[in-house]
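All remarks here apply to the structure that follows.
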Amino acid sequence: MEIIRVQTCSKNELIDITDQVQAAISEIGSQEGLVSVFIQHTTAGVTINENADPDVVRDILSDLARLIPENQSYYRHFEGNSASHLKASLVGISVTIPLVSGRMALGRWQGIYFCEFDGPRTRSVMVNIIPSEPLPRV
Amino acid sequence: MEIIRVQTCSKNELIDITDQVQAAISEIGSQEGLVSVFIQHTTAGVTINENADPDVVRDILSDLARLIPENQSYYRHFEGNSASHLKASLVGISVTIPLVSGRMALGRWQGIYFCEFDGPRTRSVMVNIIPSEPLPRV
Amino acid sequence: MEIIRVQTCSKNELIDITDQVQAAISEIGSQEGLVSVFIQHTTAGVTINENADPDVVRDILSDLARLIPENQSYYRHFEGNSASHLKASLVGISVTIPLVSGRMALGRWQGIYFCEFDGPRTRSVMVNIIPSEPLPRV
C-alpha cells in the first residue's frame, strides 16, 4: 500500500491527484488488477471527472454548494460541518479503477480528484492494488 | 462470503454495521486484500461516514429528505417509493475497503452504515474479500 | 477484460446492461471474485437499481433533472454540460459486484444501468474480474 499526502487550501476544493496515484502504482509494481483509491476521512471524497477544462470542477463545486448549503436550521451536529459529511457520502470516499499493463485504464479526459469539503487540511489518500495476474506460489 | 442480517425500524435510518462487517471478515480469515460490502436491495444503500456524533447521520437523513422528498407530482412508479430508489443510487449500494493485517483500514472516525430508505424491513448485507496475498497453488 | 458497446438515443437515459455484463463475465470465464464495471466517460454513470418497473428509472431521471437542471447562470464550462458532469460524479462511474459460481450476486430486482447524461452517443463499458479463487502458479 502507498499513501499520498494532499494539502488542501480552501473549504471546498477539487485537486487532481492522478499523477500521484499513478506514481504510487508504479512504486507497488503490479501490472494487472484493480486499483483502490480510498480515504480515511469523513468530510472529503474521491471522484473521477474531466481533467481538461478546470471550469468543470469549478461548476461541480458551485452546484454542490447550491444543493447542500453550509448551514441549515435543522442541523444539530455540534461541529457545524454536516454539509461536508453529506457531500462525502454522495460523492463517495473511494474509487476503484482497472489496472492494465501497469497503468490505470482511465479515459482520455478522466482525472482522479481529491474532493476537499471541509478544508483547508492536510489529508492522506491510500492506494492499494488487488492483482489479478498469477501470484507466486506460497 | 458472509451474510449479515439487519432489522431496520424506520422508513429512513442509518445503522452502524462496522462491528458486524469486521466479525464477518474475521470469520472469512483473509489478512490482506479488498473488502466488498454489497447489498442486494434497490431502496437502501451502504455508506461510510462519521461514527462519533450520532447527529451527523441524523443531519444526513434530514438533508436527503429535503433534497429528495417522498412525493413528487411527476412520480409514476406504482409503489410510490421512487425517492427511496434515487437515494439508493446516489449513496450507492456497496463500498470497498482495503484489508490490512486482517482488519479494515478505516479511519478513526469512520463507520460503515447500512442506509435504510424504505423501511422498516429485514435486510441483508454481503461481505466478500478479494485477497491480495499469495494464494495456495492449484 | 471485455468491452461492451452501448448506443444511447437521448440526452438523459438509463439502459439496462445486465445481460451484456453477464455475457462478458461468461466470456472471461472466472467463477469467484469481484466484477468491476467501469466507464471511461465523464458525462455518464453506472448504477444498480430496480429492473422490474421501467417507471423507476424514469422517476430517477426526472428527479435528477429537478435537482440538477441543465443550465445555471453560474456555469462557466464552455461545453455547457456541467450538469452532466455533476450527475456522473454523484451517481458514480463504476460499480463492483461479487461474483459467485460464475454469476453476479445481484438481487432479484437489481439490474445494472448505463446512465447516459449527455447523449445521444456511442459509449463503451469495461468489464473486469478480479478472481478470488486460487490462481495457477507462475
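First chain written, first letter: the chains are A, B and C, and each begins at residue 1.
Note that contacts are C-beta pairs under 8 Å (C-beta built on N, C-alpha and C of every residue); 3 or more make two chains touch, one makes a residue touch a chain.
Quick caveat, the model's predicted, so the values are computed rather than measured.
Engineer: Counting shared numbers against all numbers at the contact of chain B and chain C, is it over half, same, or under half, different?
Structural biologist: On the two sides of the chain C and chain B interface, the residue numbers are mostly different, under half being shared.
Engineer: Quick one: how far do you have to rotate chain A to sit on chain C, C-alpha fit, nearest 5 degrees?
Structural biologist: When the C-alpha atoms are superposed, chain A turns by 120 degrees onto chain C.
Engineer: Would you mind pulling out the distance in Å between where the CA atoms of chain B average out and where those of chain C do?
Structural biologist: Taking the average C-alpha coordinate of chain B and of chain C, the gap between them is 19 Å.
Engineer: Of all the residues in chain B, which ones touch at least 2 other chains?
Structural biologist: 34, 67, 90, 92, 96, 130, 135-137
Engineer: Which residues of chain C touch chain B once you look at their complex with the stated criterion?
Structural biologist: Within the complex, chain C contacts chain B at residues 33-34, 47-50, 53, 55-56, 58-60, 62-64, 66-67, 90-92, 95-98, 100, 105-110, 130, 132, 134-137.
Engineer: Show me the residue ranges of chain A that touch chain B in the complex, using the header's touch definition.
Structural biologist: Where chain A meets chain B, its residues are 1, 34, 36, 38-42, 67-68, 72, 74-79, 82-83, 85-86, 88-90, 92-94, 96, 126, 128-131, 135-138.
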